[in-house]
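The structure follows.
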Amino acid sequence: MACVNTVLGPIHPDELGVTATHEHILWGPPGWEYDPEWWFHPPKVFAKCLADLVEYRELGGTTVVCCSGIGLGRDVELYRMLSRYSGVHIIAASGFHEGRNISPHFQDKSIDEMAALFEHEVSAGIGDSGVKAGFIKVGHGHYDISELEEREHRAAARAARRTGCAIITHGAWFGLQELEIFASEGLDLSRVVVSHCSSANVMDIERDKAMAGMGAFCSYDTFTIEPTWNVGSYAGDDERKADLVKAFIDAGHIDRLILSSDVNLFSLGWTRSSPYTGKTTMADMLRYLPGVLRRVGISESTFWKVMTENPKKVLPIE
Amino acid sequence: MAHLNTVLGTLHPEEMGITAVHEHILFGPPGWEADPGAWFKMGKVFEKCYNDLMDFKLQGGATFIDASGIGSGRELDVHIKLASATGLHVVASTGFLGELFTAPHFHARDADYFETLFVHELTVGMGRTRVKAGVINAGGGAQPMTRLEAAQHRGAARAARKTGAAVMTHAINALDEQLAIFREEKLDPARIILGGCDTRLDLERDKRVAKAGCYVAYDHVGLESWSRMAHALPDQRRAELVKAMLDAGLGDRLIVSAGSSGWVLGQGEDHLSNVGNVLRYFVPRLAAAGVAEADVRRIFADNPKRVLPIQ
Amino acid sequence: MAITVNGPVPDDRLGIVAAHEHLLYGLPGWHDDPAVLFDRPKVFDALLAALREFKAAGGNSLMDASGTLCGRDPEFLKALSAAAGINIIASCGLGAQELIPGYFGLPLAERALREQRRDGEPPLWIPDAGYIGGMLGAEMSDGMPMAGMVRSRACAGFVLCACSAQPASEIEEMAIRGAAMAARRHDVPLRLEGGAHAPRLFPLITAEGLAAGRVVIGHCDDARCLDSARDRELASQGAYVAYDHVGWQDGSPHAMPDAQRVQQVKDMVAAGYAERVLLSCGTVGCGLGVPASKHGVSHLLKDFVPRLSGAGVGDSALHTLLVENPRRLFAQL
Amino acid sequence: MKVETLTGPVAPQDLGIVAMREHLLLGRHGWHWAPEVRFDRAAAFESVLARLEAFKKRGGGTLVDASGITLGRNVPFYRRLSELSGVHIVASTGFGEQSSSIPGHFLGRAYRVSTDARQHWVREIPGHFYSSHGESKEYLMFLFYNELTEGMAAPCMIRTGIKAGIVQTGSAWDGVSRLEEFSIRAAAMAARHAGVSVITTSAGQARRHFELLSAEGLEAQRIVIGHCDDARAVDLGRDRSFAEKGAYVAYDHIGWEKDAPHAMADDERVALVKAMVQAGYAERVVLSSSAVGAAMGLPASSHGYERLLADFVPRLDRAGIGEAVLETLLVDTPRRLLAASQDEEAAEQLRAFAEGFRSASRQQRWDV
């Protein structure tokens, strides 16, 4: 009996509707609260996120998957308020991010301790809130999969096998190596979403086809980031990303395609966009992405079908 | 070991400091969600509640007891976010505020049901969470007391004896029946806070119950004569009441609060009173009425520290 | 034109309609009770199976009569309707006195206090029939409200009101007149729960200008107040009489054997009021703090209809009862 | 000359006996998300209060909490403990070892820009967040300096008026990473401008720490090399060389012989102290027990703060350390270290620089 754990309780997969599979409501490396430069006025941030989610819902979106892991901006009570007062289902994440963004408390935990933590958050609940995490987030840095990150991957794989939940990764730089680690742990690769396949510096259609062949989902989720935003590996003009998606669909892997925009409604301790670019939200993706894809020959109905059907294949927990 | 259940965990009584005993963040009768005319912008209201609490904190407050019972404005997520954002110790409470503030689902229930419900919320957690309530509300106001309110009082008394929490009543109209029920359930008077003692003024009654051990709460500070509530009266009268009780040597049984709410669900912004105004305006008024600084400290810090924690 | 949760459906495509069901039913405030377990995915699956069974038995549409506050979840009904391929027509309206929460009662109680207040106070807002009418009308035109002050895109398709045992209290009268106003303004059916007080309240409803052909008197098969003369009288005035607790044969005060209901229907058809009778099971798919019904929605088509045909009710009459009457209820007057 | 404690400024002569390096709460950032760490704040308050009162009963006057910013510091909690127990508490700012006390927020700055040539696509836009802050000692300096002069951060993004009195810093045992070097240099600059002392944590890189602190212009009289009694690196020569240069040496793990794997037995520590005293460096030695009041996810200490006065001082007596020397060790030296000596002119000059620096950082931050 499949279910999807949202912050307001489990729902039936049919209720997912249009789902943005790799978004962030709040995201920031742990420890930002120790840096007074980045303090903010909490109610203004809540009001801003609420307005963005309401706009997302008005444009047809029903579900947002917040991929902020433990200590990386996940705030379950805030998500419950946002979900309740905007009508959008929000799915919270367990797991971490890349190695250096794992909080110091968890850095020397063993594989089994991390697996127990993830399993607890998905099956029992996050802290005292009684809210269950919907999936596990892992990630790796730009240069390699470090020892800590490999531990995190193996722990996530074991927890995912025990709980039946999905794994969403950060970073496609070493996507194939990640899938080998998951396969060595005996995880069914159709439960894995490899994200940021459309990062500027790592577009590689052969790798994506190989991953899709192994059953994993490829998430092209850095679309609405303005090309002028320079730093980091996500920028890059959207036309090249749209061509990549078209090639992926032409290769017959449309059922392994995930589209999203990896925006931060509010960044904790850093700023997602420089002063020269606007602040995009998921609503901008629903407004902007169909046009970008239509120009490379992908119809709008295909876009809405992908946004509705594919997340329903990966997010539900058996 | 005496402790107070806040929405962020436990708290040692010594850390309570100046306490707002009978306040609300959101307050209103159940069923307001059905009427879009009563809807509001949650972003604006959250900011207003945040500003109210921060104003209270900057006036010197440290602990905030939210007296909205089940279904009448108690939203755990709002409490937790405000507690973590302002640094105040916010305590959520269980119990109901009377017939009109009880949702129909609970109308046909008896005292045993209420007892198990309150004990569950005080010891295990509220709703699906494991966040524990800190205080029990026993509302009422109907004269004579209705069956449902009597069952709620009885359930509250039994839960208080079982868990060691304090009971906070909200209206003085049916005082004799309330005290009869508490006596019948053998609830220690020192665990009872009689709210609303400044709605129907009777100094002798206040002295009588204070001598019996109950705490007398003047908890409508700020509801001046221009307010539309039936029991509004000038704050000067309340200051005189406090002075009279102190002169009678009953200062250890006094609680003063504003009974304010950040947002009244269904009626909009509550201009009547503000939790920060108790410290900003009423404390100087007490000083002008001849109340010593130590007595003010006793009313706002020592008395709540003695009655509210779970013994 | 019938307004379903997934948009308007022409009345001639409604097919067989179950006139009074509860997919989710709970007293207002059930969500505050930790003892009430609402496992949403499991309930979704169970109701999906029940609706598919109803569809297999030939059913096409279903009128959910939970009203605004009693457990209705618009997004849940939308997804369920889409998944099962069944038209779900949701309802709005306040139930009987004991189901109306304090928000509507508080201003009236406060008005009693008000007499002692001095003059010059700002006016106290008190809800009246017009306000309730506007509130329910918005549910049918703009969308049903969800928890969290958000309107769902799903709109309500008909209005319901109810009256508890004693003569209607001030709030109930306000709710009934409000519902009638909303039904007239949006030209949708109105369901009055409880046959006992129908004769006294029917003129109150039609006084608001609502056509008799839009009024459904529910629960006329209540064992506590069976009255065939009253049914015929109401039918003659153009209202619909609903025998909508088929299958509730034991375990509750209003229960009675289905055979008796067969007789009731036969009498009405014999008396020539076949166009004024609606049938349904009044099942509770998922009880939120209240007991669910043992029988399912398909009990009407699988068990009751064969009984009726066995008892001599012809196919054309059955077609009228199950398809024509609901169609005419929603059709252009 | 005053000492910033949690209950406000205190005259140095009122400090009494000082325990130079203790922990009230100790937990690595992230403990609150770990389900296995059950932190009962009321019980923790009670146990820490009991240990403080025992310390006070033994004659203790002041206690320095050397957890730094990210190891579980809770300023309102500490202030109430100080008010109730009567013990002056001096809180500390600064980061310690990178893996345990510098969370990811600060790591991003050091790594992201300092990577090697493979980051060819990083185009520098002036004023953009990374380029203006990466590898910036001044940024961390202001983080510590503001906590020493304006007030420490309470755990809800609010700056309290309670100032830190000392800076703690340090690095991993086997080496000093890039960000640890920045935090040590920043600690030295902040301490120099605020006129307070610096105490380091692990003695594995003691000499490197001393070089970095001195390189930033912090005078030796303001440097305390901590944990010199770590069994893995006991070196009397090293301690003596620090003492000659005017720095201080802290033997601050008294009482840990049972709990910590690489702890030194108290008797050996007595011999160490005796050797330093006989070498004439009595005013350069500082004693403490690094006891933990309440631990969240880290090993707690079975001994309390009174262990220093109840158990170790009698051992020193028996070993022949005179009363006058004990007075120096426990009262005079800490008083000199904790007395802040900030001159107004330097503070004013720094304030002007700070304003320029802060406006640069705010210019590109997106204000909500």
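Residue numbering begins at 1 within each chain, and the chains themselves are lettered A, B, C and D in the order written.
As a working rule, contacts are C-beta pairs under 8 Å (C-beta built on N, C-alpha and C of every residue); 3 or more make two chains touch, one makes a residue touch a chain.
Model, not experiment: these values are computed from the prediction.
Listing every chain that touches chain A and chain C alike gives B.
Here A-D and B-D were compared by C-beta pairs in contact; the pair with more is A-D. Mean C-alpha positions place chain B and chain C at a centre distance of 40 Å. Here the CA centre of chain A is 43 Å from the CA centre of chain B. Multi-chain contact residues of chain D (touching two or more other chains) are listed as 155, 157.
Across the assembly, chain A contributes 9, 42, 44, 48, 84-85 as residues in contact with two or more other chains.
Across the assembly, chain B contributes residues 42, 84-85, 127-128 that each touch 2 or more other chains. Pairwise, the chains that touch each other are A-B, A-C, A-D, B-C, B-D. Touching chain C in their complex are the following residues of chain B: 28-40, 42, 70-72, 99-107, 117, 120-121, 126-128, 228, 230, 265-267. The touching residues of chain C, when paired with chain A in their complex, are 38-42, 44-45, 75-76, 79-80, 82-83, 146-150, 152. Interface of chain A with chain B (complex): residues 9, 42-44, 46-48, 50-51, 77-78, 80-81, 84-85, 128-130. The touching residues of chain A, when paired with chain C in their complex, are 1-4, 9-15, 17, 54, 57, 62, 83-87.
Residue ranges of chain C in contact with chain B, taken from their complex: 26-30, 32-36, 68-69, 94, 98-106, 109-110, 113-114, 116-117, 121-122, 124-125, 127, 131, 135, 138, 145, 147-149, 151, 289.
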